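Labels run A, B and C following the written order; every chain starts at residue 1.
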Amino acid sequence: MDTGTKISAIAHVTLIGWALFGGTFRSEPLPMAVQEVSVISAEEFAALTAQREAPAVAVAPGGLEAPDAPPPAPQLPEPVDEEPPRPDTVTPPEPDPEPQPAPIEAPPEPDVIEQPPVLAEPEPEVAVLPALPESQPRPADKIAPEPIAPPPPDAKPDDIETPAVSLDEGAETQREQQDQTAPKEATDQIVTEAEQGKDLSPQRSPRPRARPSRPQPTARPEVAETDTPSKPAPQDQAAINDALAEALGVAEEPAGPPLTGGEKDAMRLAVSRCWNVGSLSTDALQTIVVVGFSLNRDGTIVAGSLRMLDSSGGSAGAAKQAYEAARRAILRCGAKGYDLPADKYAHWKDIEITFNPERMRIK
Amino acid sequence: MMKLLTSLLVGLTLLSAPASAQTGPLRLELDQGIIEPMPFAVPNFVPDTPAAAQYAADISRVIAADLTGTGLFREIAPEAFISRVNSFEAPIQFADWKAINADALLTGAVNLSGNTLTVRFRVWDVFSGQELGNGLQFSGPTDGWRRMAHKVADQVYGRITGEGGYFDSRVAFVSESGPKDQRRKRLAIMDYDGANVQYLTDSAAIVLAPRFSPAGDRLLYTSYESGRPRIYLLDVGRVRKQELKTQDGTMSFSPRFSPDGRSIVYSLTQGGNTDLWKMDLASGQSVRLTNTPAIETAPSYSPDGSRIVFESDRSGQPQLYVMPANGGEATRISFGQGRYGTPVWSPRGDLIAFTKQNKGRFHIGVMRVDGSEERLLTASFLDEGPTWSPNGRVIMFTRETQGASGRSSLYSVDISGRNLRPVRTPDGGSDPSWGPLLN
Amino acid sequence: MNVLSKIAALGALALVTACTNNDPSALGGAGGAGALVPGSASDPRSPAYFQQAVGDRVLFAVDQSTLSPEAQTILQGQADWLLANTDYTATIEGHADEQGTREYNLALGARRANAAREFLISRGVAGNRLQTVSYGKERPIEICSTEECYSKNRRAVTVLTGSTAG
């Protein structure tokens, strides 16, 4: 072989290598300096905690500056601040967009024998078809018991749907102007990239038979639905409660009939709308927690009454996360008070909810 | 009043509930909830001195990006804030954060003293007004500010989700540039989020498929440096490499560490046949684990080191098999249609991620270790080579686009199939290997 | 690194590319290219003749490493040439198309290279003159993503690595 060519080639390669990369290597150790991680000292922490225990809500917080962004974020007007509302029978706010907490079926996955085994495999190739295109859910970043249609463009996301109210001088009912809110758009199951589009090819190995589906927790009376639309808004409810209490002239609980299935379902749904398990660990998603709390007559939560009564299926740590998610659900959706029949206060004064995430695990 | 009547009517009609004692609590069971990113707020951390202001802002942004990037959290834009946090010690105005629907709030402060940064923070559950965990602080040199931010984000993630985070970790990968038929490949390492890319080899030789050691201090990879594929062991800190010798005339590739980091399992090709072997790193001695005329490659240890999952075409096309770590009878676990490859055991041990090729499409999927509950997470022209985040929650992989201008890049996806997103790298990227959480 | 040196490097790369054939493997061992004599394709003893007239590559079906009758004809020609030109040794490079995972394709390429090598040995070429290496899907010659390109990438290429008499 031609020595000249060899030398030339070697020189070329060396030159390229040097020119391209010679200057860029770091032969020094990567910056892996171990960084001290220290917990705040007990004294420091105590000091901080002490300060933290100052009144949490000052009426006019001294240090609070006006936000520097010119348009302050629209703050939801507290219904309490409104003048005593009159029952509005024309357009009652509809708090229940989805009256049915229909149990979600496992995604339709008919088991289909694809074809006789080509090779002498022990098992036939079995595959599961994804949902057909018509029922193809479209991806959204929220998964809810039932799909929620895209919200009106101006609505800001809120778990509690509120119709837009604009200032209208001729209106009979005076209400503060408020932004329309609507629940965020949601699908009822996770749509992975692999499930999008119209790829109908079988994509899965046979999986063990799903365990037999559990009996419906409660047979829902069909009448329940007709019940819902006539519900007064929470604030109306509060007024009714007060009126009732006054009229009856008793401080003690009226012994009303027990809650109907529909009323229980409404309450269940009210909490489930805020029960977000999207940020729970897989362990916490296998933990059932029972949370107890008490309600005031107006449906608001008695401060400090929330507690975890029981947990099962996960570690203590997982139970803590599961409880925190449940607590957030109860507090968040109950921020304006739960809508429950006032005459049955004795039946819902204390509530225990079992949060079972089993069916939320593989959505 | 309508309401009362209706309720009464309903109650009478259905005779639904027995007239039980009114004294017990109302018991309900919920099995339906929602799955959506949790809204959180991260007001800029409070700088103790003006000199710390830039760090405070940057750290806050990295934390927010870490959390948002998981798909489990959604940051509330600072413009929406009602309260400002001007002091780390001041009481939190929870009503202001409730009003903007923040479920969680992160407050913090940054101190700069000489070359040392100290970050203090607290995590709050807004609706209950309670602190999640205790206040904590991290200290370190200023040039490690990103790591400090990642550490804070790991804490926040852990306190809210209940599982370990993965932000303070690194990814080894192959940086790719140039056209498809002249592609230049260099071994590189970066933070999990694509920051701080450093190159460990030049592009004179093709490099493939790096794998982190369990401790994250070494890398195994395959290089054509000698003219044929050979396995190299690289000390990450010193950027010093050594070839792991195998017999002359053979090709060795597809190396993976055992969980104790003392041995590796790899593919050795003799003649046209590829089998799995195991090498003790101290002695350099290898023993054969499989002995078939089929191709056996892409092995991966179970986290307890007792089993190996690998890819073999002994049935006619590539499928996944599990065998004892010292060899022996292998059990096929993949039975769906198509070809299965590159199985990777999850750090928790309960799942196996894999590449699936079916009807001209590639998928990244997960299945249980017995092959059940297969679930495909992605679909594209070419996806391959999954690697697990240290907490087993996220999978990073290679996605290559089609055609003459096809380009290779890194993507990540949550194991639920949500939150598919590209990982930014300076050039193209392939063959990611996610390292452990740093100390 | 400054811009000038980058430009210089790129220029150098272009030069190297220009003075070798287009097969990237030649970068590693430029011996074959070094033995090229211009206009020698007509010289039956030249590597150029081997490359062009005999045919230095055989193609494979999807996922396969078996030799088609056409491939066997080409390999027979290679065997004849190697038996007549005993000064040369060769490395057989196995390749795969991009439809497959990286490591599996590496093994598949090795199978293909080995199939070609076994054939040459069966026709009398000494085994110690024939090395194999696989590039898997790392070095396609055609870069489109259709079967037209894939079929050309599923190949085993016999690269003359030098004359032992050299």
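A few points about this structure:
By our rule, a contact is a pair of C-beta atoms (placed from the backbone, for glycine too) under 8 Å apart; a residue touches a chain by one contact, two chains touch by 3 or more.
These are the chains along with the protein names UniProt gives them: A = Cell division and transport-associated protein TolA; B = Tol-Pal system protein TolB; C = Peptidoglycan-associated lipoprotein.
If you're wondering where the values come from, they're calculated on a predicted model, not measured in any experiment.
When chain centres are defined as mean Cα coordinates, A lies farthest from subunit C. Chain B has the C-alpha centroid lying closest to the overall centroid of all protein C-alpha atoms shown. Subunit B and subunit C have centres, each the mean of its CA atoms, that are 39 Å apart. Separating the CA-averaged centres of subunit A and subunit C is a span of 59 Å. Subunit A and subunit B have centres, each the mean of its CA atoms, that are 24 Å apart.
Within subunit A, contacts with two or more other chains are made by residues 13, 16, 20, 24.
Subunit B meets subunit A in the complex at residues 1-4, 6-8, 10-11, 13-14, 16-20, 22-38, 71-73, 79-84, 86-87, 89-95, 98-101, 103, 120, 125, 127-129, 131-132, 134-141, 143-144, 147-148, 151, 160-163, 186, 189, 198-199, 202-204, 236-239, 315-316, 334-337, 356, 358-359, 361, 363, 365, 367, 371-380, 393, 413, 416-418, 420, 438-439. Residues 179-183, 185, 206, 208-209, 224, 227-229, 249, 251, 253-254, 267, 269, 271-274, 295, 297-298, 311, 313, 317-318, 339, 341-342, 355, 357, 360, 381-382, 384-385, 400, 402-404, 406, 430-431 of subunit B are the ones that touch subunit C when the two sit in their complex.
Taken in their complex, subunit C has these residues touching subunit B: 24, 28-29, 63, 65, 98-104, 106-108, 110-115, 118, 131-135, 138-145.
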